Amino acid sequence: MNFASDNAAPIVPEILAAIERANEGFALAYGNDQWTRALERRMSEVFERDVAMFLVATGTAANALAVAHCSQPWSSVLCFAEAHLATDEAGAPEFYGGGLKLALLPGANGKLAPDTVKVALGKGRGVPHSVIPGVLSLSQSTELGTVYRTDQVRALAEVAHKGGLLVHLDGARLGNAIAALGCTPAEATWKAGVDVLSFGATKCGALEAEAVVFFDPKRAEGMPSRRKRAGQLISKQRFMAAQFDAFLHDGLWLKLARHSNAAAARLAKRLPEAGLRSVWPVEANEVFVVLPSTADARLRAAGATYGSWSSDFLPADTAAAHGDKLVRLVTSFATTDADLEKFVGIARET
Amino acid sequence: MNFASDNAAPIVPEILAAIERANEGFALAYGNDQWTRALERRMSEVFERDVAMFLVATGTAANALAVAHCSQPWSSVLCFAEAHLATDEAGAPEFYGGGLKLALLPGANGKLAPDTVKVALGKGRGVPHSVIPGVLSLSQSTELGTVYRTDQVRALAEVAHKGGLLVHLDGARLGNAIAALGCTPAEATWKAGVDVLSFGATKCGALEAEAVVFFDPKRAEGMPSRRKRAGQLISKQRFMAAQFDAFLHDGLWLKLARHSNAAAARLAKRLPEAGLRSVWPVEANEVFVVLPSTADARLRAAGATYGSWSSDFLPADTAAAHGDKLVRLVTSFATTDADLEKFVGIARET
Amino acid sequence: MNFASDNAAPIVPEILAAIERANEGFALAYGNDQWTRALERRMSEVFERDVAMFLVATGTAANALAVAHCSQPWSSVLCFAEAHLATDEAGAPEFYGGGLKLALLPGANGKLAPDTVKVALGKGRGVPHSVIPGVLSLSQSTELGTVYRTDQVRALAEVAHKGGLLVHLDGARLGNAIAALGCTPAEATWKAGVDVLSFGATKCGALEAEAVVFFDPKRAEGMPSRRKRAGQLISKQRFMAAQFDAFLHDGLWLKLARHSNAAAARLAKRLPEAGLRSVWPVEANEVFVVLPSTADARLRAAGATYGSWSSDFLPADTAAAHGDKLVRLVTSFATTDADLEKFVGIARET
Amino acid sequence: MNFASDNAAPIVPEILAAIERANEGFALAYGNDQWTRALERRMSEVFERDVAMFLVATGTAANALAVAHCSQPWSSVLCFAEAHLATDEAGAPEFYGGGLKLALLPGANGKLAPDTVKVALGKGRGVPHSVIPGVLSLSQSTELGTVYRTDQVRALAEVAHKGGLLVHLDGARLGNAIAALGCTPAEATWKAGVDVLSFGATKCGALEAEAVVFFDPKRAEGMPSRRKRAGQLISKQRFMAAQFDAFLHDGLWLKLARHSNAAAARLAKRLPEAGLRSVWPVEANEVFVVLPSTADARLRAAGATYGSWSSDFLPADTAAAHGDKLVRLVTSFATTDADLEKFVGIARET
């Protein structure tokens, strides 16, 4: 019953096999290898256009490098107040961005609304006293397990572009969103106005494979140096490229995402059996639920793992009794029906 | 009718005279001069204890150096959401602090409450995912023209210290607060728990004189290097030291503050003649008022200068009609009764 | 004939097997797993004392995090002018260290002498005008393929410690040095005065496994946050811990190092057959040689890979004819006798 | 006998008078005042073209802001090894530049040669491993009291521009150089290829007035924010603008420079009377001399102030006996013949 995060899951067999296959003879380091070249071609196919791609070690690095590269130290990055960027990266965007600022915006169901962005763009005393909005960062799927529709992304991107901002997408779980939307990767990203993407394979089944993807390769100028000095240019990059390539090969990533999405949906559907319900719409692979302390204790005792979550954005109609806890349950490609069964069963006991 | 800011006022004659007196022969640069030594003694007298003092060029630099020095790059600085630090310094704290984060807190009348700080300290996913609260920064007088009572500062400092934070005071208008409180500088600062102070003389009558004051000189270790590499070690420092010394001499600073406070009080008192009222309690030298667009137009036409203000913290009972504008009126040592008279007169016309 | 770098070699079978073994079920991310705990115990055994260990993605990150953590932004890091830190990391130490400075020192055979460090410590106009020496960084084995004797490290560390500096060791090839010295890991590091170590397994056979090791765990305070915000906290860390553990298990790392050292020695020994000689003593797994342009052309045509090197520190007695090129040949655990044979053979042709 | 530095001199009467004249009524802060506008016009006249000008508090800030603005964090700034930027600013360029690197180059008489720059441009392993040369920074007059001829600046700028670098001039003593050269300010700067200038008035007679001047105003984009967040946007800027304007008015700055240059020349000419000689050509207002310890002791006892200097670039033919000290003597607008007389007299005694 591991629902702590999808990065607690192991490596998908197909991806491990790709590492093993790449372990053949010598290959120049730092991305000067055939696996990296192959992945570059694959990415361009997947996104139906030439892209500039930079592999990095972590999702935090991908986000921080992406927003830093698209802004100035005196920029602000507009994002949902509970964006991973804002709450879980220990200030990486500020560090990489030379001291940029995050502007934390509210959002129902973890999604920003165009009007919220418009209002944010109108704030401030003006230059040089205020920082200058530089990037709009969205997460897809969102931190609250919901998914922006492509027209919603497009509407947000329009507001951003009109205001002179670039649009960044934190796609640590992009596959889950695309699986949910049933659209193409191109439609989910640049066709909807996304300029730069943090594309994650780790949470979805890789050992370690993250990428920053610029949909306009010209925007990537200087990025090789930025990545290197951040200690993010992987030495034996062939093994990371091989992972990502296997991840994208033959739609594996979407197959994995469909599995975890379906598991989350089943879990959400069965929660009422235990008198529980998901707080936000379950559209990807995360389920949020307010857990009574007794159920929480039983589940923990039975070895279930999951994390608690900030209740700042809990909807007004979600009454939480004293001692209740908002928790997050994340499913993965490795989640089994037995896990769900067991979780609901223990939560239900009385 | 200049109410734009107190830094639009000229230099107080006593301070200009001090510059002229210091302009005598050679003196070693970078603070190795007798005027700096004299000011150090003066500061220690004024605050009734040994302090470590660092002159710098601007209040922004003083704030940024102070909070940077009391934190780590992975720290957060807790402050009122409209603190000067947060909204008017273009990200200087983030730049000087190596990418630290500001945590923006709400506060009635521009003042933080201990419970707000407590709640903020309890947030976050924990280390290493979240930044670590490192500094509580208060402004005195506040950005909304109010003044913390010394017991209020003490209560906030207790919460902060208990949580392992240091307490910074943005004292760009410290004189105004002390004049209002009628306490000693020691009572207003370190006796109430303040660890480090941005002490400003510029807004209150100097040409340019700002200081970072550490009440525990041991905390200042490394500060000479930090200041120098920030380009904030003034070359001919004797002239800045002479200004600050004259400012503190014989209570000049408090005399000036009493003048500007009294002017603000008189202005606030007379606003009802024009059908207006101050939005927040007028406790120092700033008056905030919601101005109908017609009055605004008349005043601008008559050459009045003042700035508009964010209405984010406008009290719920302050109805602002469409087109109304929240504006800030700042008085200074140079504000005359005639200015007030004229302002109210023009605002009143109908 | 791949002599470009040891990071062009594949993954050692024992290490790949460890990854496969770790790919079993769920494990909490970010180092909260049993493999990381096991590695921590292993490291303490290997170094014969409690250490604080932080896994990171690259050697560049390890170096940059280590020196940043042991210094202030106004520090200087003393190092050999051709240290990897100085010439190959695109400014990572400066970035991570908030703008610290590297002081580039000369050194015969790539090794610093205590007197050179002493002279460097005596330079500068003093605080606050000059930066303050904060760290002495040594590489072991060095960038020129030589190895400091332990008494040489100790003598350097004494000068550094006396001057208030900490001692960092870039151990990207620490195994090669220890294999050459025949001493224990403890003798090679903290017993010789090393305070913090960049410990690399990648160049020596891992897929990707690098660590910062503090020999005094108290010095590591704040490091979890520093690593996280640098995007260097690996998500599925169990796989990196498993690699490093296999690397250290049963002396594998030293066995691998002995292989590559022996290959380099054999190569150096046979160079005279081709009228060539190694420029610096071959003490680890790198051989530097001045290659006539004709031999260079033949080797390149035959598919040999190797890099050219700066001739700044070429000994005076090493005459380099016009067109000659100083090149670096790196051997690895995967270098075969056939590779050496072929290289010398082609170089010899006339 | 104050020869410590020209910033030990007082304020020139004409400049103090300008401060007094500007102290009239209210004026908007932060440069929104008529004095700043007037200075902008004056600067454009002096340089015979439209320029973008930014006043800042110190020469260190001017240098750091200028090179940071003309580079990337992964850039290197090429400069003479004893440039003020490199040795006297505690790492300000690295701090402001987000961790950029200085490349320290040798130079006879404190002046870089085009070939030295060419060689430097050819170094390095290449992107992304090496930083990228971004700025060539020259000092005029130089730190060793010499002056680049305009054709020398032009030749250096050509090499720099061809390599894709911008050219920065540290003009803390630009007046001294121009007075020596007898050329126009335009000829000394942009006509010779200078892109950005640190223009100092403080060392030459102001209380505090420094500027960053971009000869192509388009290059200044973003600079208002960069300056503000550095705490370098002066609040009551009218007083700094008034100083600089008085400094430039009617050639005052060149008159002052001619005085200090002449004093240095006279001092150099008379040194042989004391058995001394200037180490480098005395072309501006600095004289370097190797002082026997006995003369040094006598001069110190008599109250002379001057600083010692690094002997790294002492010409080979300048024998320095044990105990001898290389010292720097700086003259200013306030240096009198009596000072020179007295210095030479005491140095001569035996």
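As written, the chains take the letters A, B, C and D, and residue 1 is the first residue of each chain.
The rule is simple: a contact is a pair of C-beta atoms (placed from the backbone, for glycine too) under 8 Å apart; a residue touches a chain by one contact, two chains touch by 3 or more.
Computed from a predicted structure; not experimentally measured.
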### Query
Which neighbours do subunit C and subunit D have in common?
A, B
#### Entry: Winner on C-beta contact pairs when A-B is weighed against B-D
B-D
## Note on the structure
Greatest centre-to-centre gap (Cα means) from subunit C is with chain B
### Query
Just curious, how far off is subunit D from subunit A if you go by their C-alpha centres, in Å?
50
### Query
Using CA atom averages as chain centres, what separation in Å is found between subunit A and subunit B?
41
### Query
Distance-wise, how many Å sit between the C-alpha centres of subunit B and subunit D, to the nearest whole number?
34
### Summary
Flagged in subunit B as touching 2+ other chains are 73-74, 89-91, 94-96, 98-99, 127-129, 131, 225, 228-229, 233
### Summary
subunit B residues touching subunit C in their complex are 30, 72-74, 98-99, 127-129, 131-132, 222, 224-229, 233
### Summary
As the complex stands, subunit B meets subunit A at residues 73-74, 87-91, 94-102, 104, 123-125, 127-131, 307, 310
## Note on the structure
Within the complex, subunit B is touched by subunit D residues 2, 4-5, 7-11, 16, 19-20, 23-29, 56-62, 64-65, 89-92, 94-96, 202-203, 207-208, 225, 228-236, 239-240, 305, 334
